[in-house]
Amino acid sequence: MTEQQGNGLATVEKYYSQYGSRAKELKAEGRKVIGYLSALAPVEIITAAGAIPLRLKGYVSEAITRADAHMETIVCPFVRNVFDAALKGKYDFLDGMVLPHQCDSIDRTNDVWNYNLNLPYWHFLNVPHVTDDPSIEFMQSILRIFIGTLEKFTGSRITDESLIQAVKAHNENRRLMRELYDMRKAGAPLISGIEMMKVLVAAMSLPVEESSALIGSVIEEVKTKEAPADAKMPRIMIIGDQIDDTAIVEAIEGAGAQLVMDDLSIGNKMYWADVDVTPDPVYGIAGRYLRKLKLPTTCANSGDTYQENLEARFGHIRQHIMDFKVDGVVLFIYKYCDPYGFDVPAMKSFIESTGASVLYLEDEYSTSTLPRVKTRIEAFLEMIA
Amino acid sequence: MGDTLVSSVIGPSGPEHRRLANKVMEEALASASIVFDDLAYVVATGYGRINVPFADKQVTEITCHAKGLYSLLPTAKTIVDIGGQDSKGIKLNEGKVSSFVMNDKCAAGTGRFLEVIADALGVPLEKLGDISIKAEKAAIISNTCTVFAEQEVTSQLANGESVANLIAGIHEAIAVRIYSLISKLKISPDVAITGGGAKNIGLIRALEIKFGFPVLVPPEPLLTGAIGAAIVGKEICERAAGSGEILKRSAQGLQEATFFS
Amino acid sequence: MAYVLGIDIGSGFSKAVICEDKTILSHAIMPSGGNFKETAGKVTEIVLEKAGLSPGDISYATATGYGAAVVDFADRSITDISCHAAGVCHMFPSVRTLIDIGAQFSKAIRLNDKGKVANFILNEKCAGGSGKFIQVIARILHMKIEDIGKFSIQSDNPVEFTTGCAVFAESEAVSRIAEGALPGDILAGVHKAMASKIVNLVVRLGLTGDCAITGGGAKDHGLVRAIKTELNTDVLVPEEPRITAAFGAALSAAENIYQ
Amino acid sequence: MADDKKPRALATQAAAKIPKFVRGNMSETLKAKEEGKKVAYAYINDGQDEIMRAMDIVPAWGESFSGVCAAKRDAEKYLQKAEADNFSRSLCTYATCTLGFDMLREELGGEVPPGAPWGGMGRPDMIIGSGQQLCDPRFKWPQATQHYLQDVPVFVGSMYYPPWDPNMDNMEQEKIYVKYATEELHACVSFCEKHTGKKMDWDRLAALVDLTDRTWDIFIDTYELRKAVPTPMDTGDAMNTMVPITFNLGTQEAYDYYSDLYNELKQKIEKNQGVADEEKYRVLWGAGLPSWFALGDFQYFNSMGAVFPAETTYRNAEKIERLDLPETNDPLEHIAWRWVRFWTHWYDKARQRPGSIPKVERIIEYIEDYKCDGVVFHSTFSCRSWHAGIVQQAEILRKIYRDIPVLIMEGDIVDISSYNEADTHNRIDAFIEALETSKTKGN
């Protein structure tokens, strides 16, 4: 990846606009590529299996044309869009897919994906929704089942040593991405929200070492940038599940705001918490994905009181709002999403209690609604100005 | 620079925003008997605000409705704007927007809903109000989807339900949608209604029943946003005059703009 | 020789057909409007007049369609799904898969070899795949429904419609026009969007045998072309696709006499 | 198309007793206070019924309450209340309806809002949810409720079952799942002990677990009587007779209810009494919760000679022997095995038929056993859990079994705004015609 030195953002642009192109190349060289859905998929294990983990994304500007023949329209619009993309052949180069049990929209359509795509390798990772000790133990068991199926598929054992190496590699990847995030704390960030979105998307389409190299070169490039004049633009944070396109970010930054932070499932949720390197690596992995990763589908009601539960669920959001001096939060939730949808009133009042304003948008995974979304965002910015 | 409204023009929108923008502007200038260059500043708002090339600034209809309405009805705390494409609720705090809501990706509770139904019943849009207040009993319209509500209306009509009752039923249905939208703002009086929907007495009555108190309606509801835009422009000019800075104006004159259409 | 009447009160149009046994003597089509009952009477008058018959000459009348219930002078009513099947089977005996595109609903129907409904499926509670979609777009383009086909067919660059909602397709179309898209391309886009929704119904039903399209949508060449492309097979279209159900109703009326 | 507006009539006296049953369950939650009992918000099929019963905790069922609101077409005000606080209209309407009711009750300082159907539900002392595979609202709903009842403690347990995978042996996985579920049930017991201040009486629990086994058995024995031609009871009634097995599991009342129903059905069979005047078509209710505000549609089917001798919905029980449960002294482990096997005991069958899935195997078995001529699915827009995948089931059924007439109806459990009677009846009419065709073709 030497060609990257100095022109990281150019490479990012390439991998963002031609998503998965690098994985395709490596596939041609004989590497195995495993697609995965959701931030719940333990990429460490895929890496340890010698395969390339490729995050499945949708295509917001494409209409869903083929999925509806097999999948109800009451299913999460993001899931439908990705499935549609797969039916259209956009993921034909994959050797297999892992669908973690994030929500009903994935759990209840697991059969539909498997039946219609029928890839050489398929696994539904039955992640629990609860985070107590029995759940951690259960999580380890199902991770071992997952490891077993990968070993069967690749024909080679996944040793604890290779898992530990993978854990370290992905922790390093997370560390680098956090370093890039830190560059957005400045009054005038050196990297725009649009650039950041492209980095996040590009990074999830590469083998971990290449991903780290790319982030590294982006950091180098961004460092050398001329610091822009400290413009008094409102600082925005976006919260949601998988937003993997710049369209919405362009709507925000195009209206004269700066997107300085996110709590998205391809962003901060992926990179904030490391896996503890434990003697039994599976234990560390289970703990990271079940407890450290903050998703509305892992029900952390560890606390005895409602306040404690709130802290466990949303505490990290307040931290980000303070660290990144956030003025306004865009809460972008997909229609038909029970896990996020039921959180909205509590999350909204929690965020407002930090002094930040909230714009709640319930929308499709589609640019078709962009004109209306833009008006809301502009009005929101006029309001908090 | 005074506060008086010198001239106003209302024209139907449509696909060719740009040409229509020029047309209404020309008419407004004519009726005020001034020329484009006499204007100190031009602010565009509304769904097609980006298609007003000669505007110096674009501001959303939310902010403009707030400003405009505050100047017309200073006691209003909550604004309900029932437009063609969407309905909005705006919470006012001393004339500034403190929060707002817009209807989701569904035409239920918007002016389009009324247009579609008026079409289906063969009743002119502006007549809906007067007809519906003659209804003895509002028909039950269970579908919120515009298209299926239309089907529901036609079938009830076929089963002999009266046009007046159906229109009243439709107003009831829209009032329900709008009310639950506005409820997200924690409604506080006075409530003012603007936009095309405000011209529909039947809909106003239905909403008043939901709110439980009478609502305010400006003399020309359709103008509220434009008036607000003018006020925004005036404020910008005054701020500039105060700080002595030169206003950045759009390069596009009115004449060049017409080439776009 | 017995004369039979088939009358189809759709949510958009009302159609009537008079047959002598199984041959069409006359047909009539008019908008259903607000008063189905009145329309039913009127369309029957017209079709009788065209055939030079009086009500007394009709030995059996079968009603179908959305407003069938109001046709009090009918001897019997059947759903338009069965009537479309009967009508098409008589015109094109080889057809096993039938697509009907009405004002409110699109249907995919599978026929058995006797022209009876073996299985069927209607579009979801969303008008995206129905004729409504076209009406909405035609309205903002200030265009007559019947002119739409020829505009659409000229387009080789259809606009991508990302919304499925017939009502909100309007705002999407408006912004496309503002961006300078050509009417033809927009219509082709609408047809593409509708076709994929309709074809999904066929996929769910399973495409078998020859395929025919009936209903108002079948008069739209642009839509028919788009469906052919999506289905990747040829389709049959009756000369006057809108009267298929009324014809089917007349055929079943004829059968009733000889039972 | 005769527009059938008759009030809903039931085929069995047992079904007619149900409103009293439901009303009783709801008033229990209101009486509990003076009886010194604790009330818990609970959610059906969470496997925690016997625990609550053994500790005299009165379950308050949100699903039941919302269903009643819907049946009385009186849910809109609650749905709107929830919507006003930003709960999306696309979320589970069982949950949003009850949440709206909770909000109103809190505004009245805990007093039940006037005009609440059947007296409404009392304020809970605790909330017992489950992060099990049944649906997301099962663990999000309790969390969302606590936002309004902040002093009320919430427990969310978990009861998973091995996912269906044609290439994997679920048997070895089951042990992992049962171990996990058992530990979660024990956690539930500790939670209940903590918040009732009582200790669990394990003998009593064991007795109740045994009672539930016997209730599952008699429930299935009773429902299998519906194989008779004409069927003595159809799904229209079953949407009522589901109440005891769903909301009163682990009570003698539930057991007695089904033994009464068993006897009633026996008599009807002897007298050759059917549901329809003339039973022309037998239809399987293949999947989906009903539109509680439109149960009259079952009568509309009946009026055309179509009856439903079986349904997959709310048949959430199985003959215990068929589940072949391993021996255990821990009643909680027994509950875990019972629920896990309830889902997995179809897997082997599905594995034997290439291209099949367990849900479709179950449908095929019922089609054969109950001699069904067609299948009706009901898709409700606010519930993903039971309704995502129906299109797939219909497709697989057609491909691996036969081209049996299928009708997919659309509506919602509680929100009437998605329902259109004229359209629904039109679809039913066409389906009946398709049934007629396939029967004449058949013989």
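Chains here go by letter, A, B, C and D, matching the order in which they are written, and residues are numbered from 1 within each.
As a working rule, a residue touches a chain if its C-beta (ideal position, glycine included) is under 8 Å from a C-beta of that chain, and two chains touch if they have at least 3 such contacts.
What you are looking at is a predicted structure, and each value in this text was computed from that prediction instead of being measured.
Shared contact partners of chain B and chain D, listed by label: A, C.
The chain pair with more C-beta contacts between its two chains, of B-C and A-C, is B-C. Taking the CA centroid of chain C as reference, the farthest chain centroid is that of A. One inter-chain figure worth recording: chain A and chain D are separated by 35 Å, centre to centre, where each centre is the mean of the chain's CA atoms. In whole angstrom, the spacing between the mean C-alpha positions of chain A and chain C is 46. Distance between chain centres (mean CA atoms), chain C to chain D: 40 Å.
Of all residues in chain A, those that touch two or more other chains are 69-70, 335, 362, 364, 369, 371-372.
For chain D, the set of residues that touch two or more other chains comprises 85-86, 381, 391, 395, 418, 420, 422-423.
Shared interface positions of chain B, defined as residues touching 2 or more other chains, are 47, 85, 104-105, 145, 148, 151, 155. Chain-to-chain contact here is organised exhaustively, every possible pair of chains being in touch. Across the complex, chain A meets chain D through its residues 69-72, 74-76, 101, 103-105, 107-112, 115, 122-124, 126, 128-130, 132, 134-135, 137-138, 141-142, 145, 149, 296-297, 299, 301, 304-307, 309, 313, 333, 335-336, 338-339, 341-346, 348-349, 360, 362. The part of chain A that touches chain B in the complex is made up of residues 335, 362-364, 369, 371-372, 375-376, 378-379, 382-383. Interface residues of chain D, counted against chain A in their complex, comprise 85-88, 90-92, 95, 131, 133, 135-137, 139-144, 146-147, 150-151, 153-158, 160, 162-165, 167-168, 173, 176-177, 179-180, 183-184, 187, 355, 357, 359, 379, 381-385, 387-392, 395-396. Taken together, the chain D residues at the contact with chain B in this complex read 76, 80, 83-86, 89, 416-420, 422-423.
Residues of chain C touching chain B in their complex: 9, 11, 32-37, 66-67, 69-70, 104, 125-127, 130, 132, 140-141, 163, 165-168, 170-171, 173-174, 177-178.
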